[in-house]
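Should a chain be cited, it is by its letter among A, B, C and D, assigned in written order, with residues numbered from 1 in that chain.
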Amino acid sequence: MRTGVWLVGARGSVATTSIVGALALRSGLTGPTGCVTELPDLRGPALPAFTDLVLGGHDVVTTPLAKRAEALAAAGVLPGRLVAALPDELAAVERELRPAPAGGTQADRAAVTVRDLTDFRRRHGLDRVVVVNVSATEPAARPHPGHADPDALAAALAGGDEVLPPSSLYAYAAVRAGCPYVDFTPSTGLRLPALVALAAERGIPYAGHDGKTGETLVKSVLAPMFAMRHLAVRSWSGVNLLGGGDGATLADPAANAAKVESKQRVLGETLGHLPQGGTRIEYVEALGDFKTAWDLVTFAGFLGTGMRMEFTWHGCDSALAAPLVLDLARLTAAAHAAGHAGPLTDLAFFFKDPLGSPTHSLADQWTRLCGFAHRLHAGGTDAAPR
Amino acid sequence: MRTGVWLVGARGSVATTSIVGALALRSGLTGPTGCVTELPDLRGPALPAFTDLVLGGHDVVTTPLAKRAEALAAAGVLPGRLVAALPDELAAVERELRPAPAGGTQADRAAVTVRDLTDFRRRHGLDRVVVVNVSATEPAARPHPGHADPDALAAALAGGDEVLPPSSLYAYAAVRAGCPYVDFTPSTGLRLPALVALAAERGIPYAGHDGKTGETLVKSVLAPMFAMRHLAVRSWSGVNLLGGGDGATLADPAANAAKVESKQRVLGETLGHLPQGGTRIEYVEALGDFKTAWDLVTFAGFLGTGMRMEFTWHGCDSALAAPLVLDLARLTAAAHAAGHAGPLTDLAFFFKDPLGSPTHSLADQWTRLCGFAHRLHAGGTDAAPR
Amino acid sequence: MRTGVWLVGARGSVATTSIVGALALRSGLTGPTGCVTELPDLRGPALPAFTDLVLGGHDVVTTPLAKRAEALAAAGVLPGRLVAALPDELAAVERELRPAPAGGTQADRAAVTVRDLTDFRRRHGLDRVVVVNVSATEPAARPHPGHADPDALAAALAGGDEVLPPSSLYAYAAVRAGCPYVDFTPSTGLRLPALVALAAERGIPYAGHDGKTGETLVKSVLAPMFAMRHLAVRSWSGVNLLGGGDGATLADPAANAAKVESKQRVLGETLGHLPQGGTRIEYVEALGDFKTAWDLVTFAGFLGTGMRMEFTWHGCDSALAAPLVLDLARLTAAAHAAGHAGPLTDLAFFFKDPLGSPTHSLADQWTRLCGFAHRLHAGGTDAAPR
Amino acid sequence: MRTGVWLVGARGSVATTSIVGALALRSGLTGPTGCVTELPDLRGPALPAFTDLVLGGHDVVTTPLAKRAEALAAAGVLPGRLVAALPDELAAVERELRPAPAGGTQADRAAVTVRDLTDFRRRHGLDRVVVVNVSATEPAARPHPGHADPDALAAALAGGDEVLPPSSLYAYAAVRAGCPYVDFTPSTGLRLPALVALAAERGIPYAGHDGKTGETLVKSVLAPMFAMRHLAVRSWSGVNLLGGGDGATLADPAANAAKVESKQRVLGETLGHLPQGGTRIEYVEALGDFKTAWDLVTFAGFLGTGMRMEFTWHGCDSALAAPLVLDLARLTAAAHAAGHAGPLTDLAFFFKDPLGSPTHSLADQWTRLCGFAHRLHAGGTDAAPR
């Protein structure tokens, strides 16, 4: 099953790490640490092999991929030896990158995007192309009447307005081109009535939102622990210090707010009440691509006795995110092949703010993910979307 | 269902906190924070109500219960107002405490213990008595031929040897008196072939070992998180600083070793390999009944990138343990009523070193516990032990 | 040397803890832990004894002192046994508390304040009264032409404008009543040209600003450590989570900003550059009177190698502040007796934002403080202000 | 002032980092971060310039220096670009390294060492050679009658016994060769009556023991902070997790004990009492050349209120130690030039277990160090040892 992985934001940290990693895996230069689809519970025949993946993408900047990869190696995100060992492979991916469509109406830009996707699919004889958004976090979308339904949207786009935020325009083009869409960011993406209806019409599966790689990942196991033990969490306060491109973007208050909200949701839904305290993201350029999160949890036990827990997470966001991007591409491709359409709610395991998920507990999400993969590998009967 | 709860080590910190808590719950002076059997997923008709519990126990010391309770209040473990509000209730329990049998052969002491248990049951017209071991941690048992089977054991006990460690002698007496037995400590308890056979013969259910209340509880959710994300844990080092009676006992190297081993097991079994590093328990008298645990986890992600997490847990051990003691007494009583015998492996959720448990993941243990409780509440058909 | 200590904000947490502590010390019920003036390097004949201190003060609220003390005991700030042991002594201080003057012009209120101070001095036959501001943090003062010099100020006050923020009005009244003034808060206090000139005219010594009790205290030893080792601090980020009355006040953005700025100053001046990152104060009501501060420092060593340090401080602010309030009262009284006037820059040791201090290193401040105390105890010749 | 720096353990991590750093400084490829002798308060004409330093040394292993440097670069201790930029310079130092003398009596080995030192001095026309011990930590020395005085020692060495531990044999040879001696390790070194007497006879200055680079450095500012604030430290517990060559050596219980003891000393002497708790060193190979130390301090404030502080230090030991090795060589050379002999107690700033130091407070040690450097730079009059 030859599968295209089209990265929106293809020259960013997450995308570049995903690309180097996919090439290194394909060449047998590295192992699949961090790839959950390679765990015994998940792997199997329905998923495209790493050697079946073909990479391409859009970006608004033109920094050569090899240069981005070297910068990430210098920052300790990637081993320099991998970059050095894969010059031809990187050059080949470089040739598959396209400038983010610009100029004209949004309808024009969507058309260029559709063409870039279909050309890519045809050029490489791909069974399908999964579009994965790993571009910079956007502010929340401004409401527009065109968001209501596919017809209103088509009319509005042709009219020349800036109807959709970029992530949604990419999602629109993906659906139009018959491509499954994964949103690894907190941006709007496919979450507009018009796009949801269009995806349903065209039988396109999609997944999102916002890759779960650090503090929220830890919360998604600790909060259930407190809940299962009937301990009364009184406050949960967190701070995330990060540098890197994503940090700079999130320093923008609007983007920050979007991200912070998705980070606290897990607590309210798991604990049954929102504890005091909040989560904050601060940009500290000196921290580079590594992020330090610190959380303090205070809780009461039997008879009201006060106790506390704190944790520090010091992670490399891109190294945590990249294998999940490959996992999501593989799973979504398999789901598409099996005939799934609409939101892939069984992929909640990967996201801070999962589409339509009834649970924020990582363990419960894991159980659902395993069941989903199992059914994909078993083939046939599950093909109809639930 | 009137249910006796017989505490071995009845004047210790865990036992005293359990007693004050049970009395306060019975009187409606406090809520059930920390009691997992009061969570919606677990509560139901099969469990004895708090008002159905009658408390008694053995101890080697004679410090009045009220005095121990006041000391725990002064140390911040209990609210002083509860102790002040329950003088008559505490005095009533005080009358149900018996000196730990001493003198004579172990057979003699077992006989006294059996009589204490049956007297207690008759005196209060109880449906059953659950024996819970919360006495001081013992060193590992010395092998003895009498451990092999019930007949060898009966002969050896009568012979005058010190055949069994105290926890096992209590377990023996419990079985002989027809009482379910729960071991909240890392001591030997019922884990000897002769006792296992005897419990099977008499149809007695039992549970253990070693209440999971702090660092290991956290490990049992974090280790699965790393495993589910296919992250390669390289080292996991921990230190537990604690004062209190238990801390003093554990300062003894033999007891320490027993406890430390049960604490690391969760890692090896969950991660599939034992990471570098160890766990250590140190006695620091100034910390009193609160324990501070610090753990450092280093791990590799995609392409080998090194990352780290650390956590500090600052908990009051007795306040964490006491509600679980009540939970275990209620669940074990219900299991006995439903006809269960042998090791209650579905209670693994409560223990660091659970009997015959196939999983150390808290979430998986929770799923099993919920199923178990559900079947108990559904009644009838599940009565036969699986 | 009978010395009055007049507390502005006399029913607040810091004041109440200072009062209970002073009474307990006077009665020999507690030791001087936390009182730096009782250290061998500082104690001596020039300081008034604890038994020489007489307490009084102003507050805008009327909650009885005994009630505030009980609340602090319940919160773990004070031992309840001390409150229980000192009912008469607390009642005696209660009789010395006066409502914060209200109504009329600021000139009128200043006059009432002066009268309260002089009455207190006369009533108890005191040698002097030190006014210590421990009332709630104010926003920064709004500029007013009356701040320029004593004459402009007198005219403006009589005119009916709200010329001065409350802390400055108290400082004005103190100077007018011939009382030394200490500001334990970040508020404006005596820091206005008109008041500085007036204090100089009247020969009044004063000290401030903002008691150094937690994160900044730690910074004032760690920052010099990095500097002395020529390590290049790249970022220093901090978060302060606190409940209590002070926390609620500081949740107000204006007050927060004032406090945060004084907290970062120590870094810039000690390190010679301001590292990246900031300090933040967040109100978390559940934390009560205890504060948790977490700081992350990243730094480069030889050849640029990156390293990091983090610390968590979990302190009871009032318990840290109260003994310093007594220290400052004793030292300022002695300085007044010795003829000092103007800013007591040798008391920088006590403050986050010390008046006219050439150093933010705690060790250097300590050296200066010891020299100052030494000269006070030696008597005579140092009496003239430097 | 051409100065030789002779490193015992010249192929170890600290030595290799010192060598690469000295070469990079000499070539202007790096700045002096971490070198305290380059701070404004310390630098001056009495110290040899980096361009005046010539490096050599002994080691028992023969791994090429360039290989060690590359390994350290791969481990993140050094920037690889420096190693790549200095091949000729490293090769030149390689030619100055000698095998640790072996075979024959200790007298024979001392003679070879003396010859290696004097040859080195003559070969490069050096004014003096400072011997710095950075070899692996030894167990404590076994008592021997030859330790008593120089004559007994000379007789014993000739007799064929293993009289001295290696560090002391190097110290003996250094003194005999007229070379100042610095011990950066906790080993015995010059601390034997016979060697002290010999150094006095020959007018040789020396310094030690045990470079202060991590947890103890932090303790030497935090412990004085608690003391200056009259806070009652109740417990201070620490754990040091480290990999690397030094970690492996320290895993040996005897070496561990020596190191741990020197680490706790600072507390007892600064606080006036030894708090509860201990420090522990554990070898965790996966941590490589970076060390993580975690300390928990519990303390009481005013009226006995309990509080706590914890810190985590994540440092690269070799990067912290190497610039201090260069500092010590420069300062000791200058002291020798100025006529100092005997223990250089003013260098306590650098050591965990300083020779004859009256203070463990870093700030006080800094004051003494500054005075010492100032006198050296001022020249002339201070030349006579105090």
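Keep this in mind: contacts are C-beta pairs under 8 Å (C-beta built on N, C-alpha and C of every residue); 3 or more make two chains touch, one makes a residue touch a chain.
This is a predicted model, so every value here is computed, not measured.
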Candidate from A-B, A-C or C-D with the same interface as B-D, over half of contact pairs in common: A-C
CA centroid of subunit A to CA centroid of subunit B, Å: 43
CA centroid of subunit A to CA centroid of subunit D, Å: 50
Two or more partner chains touched - positions in subunit A: 76, 308, 310, 312
Pairs of chains in contact (touch as defined earlier), listed by label: A-B, A-C, B-D, C-D
Complex interface listing, subunit B residues touching subunit A: 17, 20-21, 24, 30, 32-36, 38-39, 76-79, 82, 217-218, 220-222, 224-225, 228-232, 290, 300-305, 307-316, 319-320, 322-323, 349, 361-364, 366
Subunit A contact footprint on subunit C (complex, rising order): 234-235, 237, 239, 241, 275-278, 280, 282, 284-287, 292, 294, 296, 298, 308, 310, 312
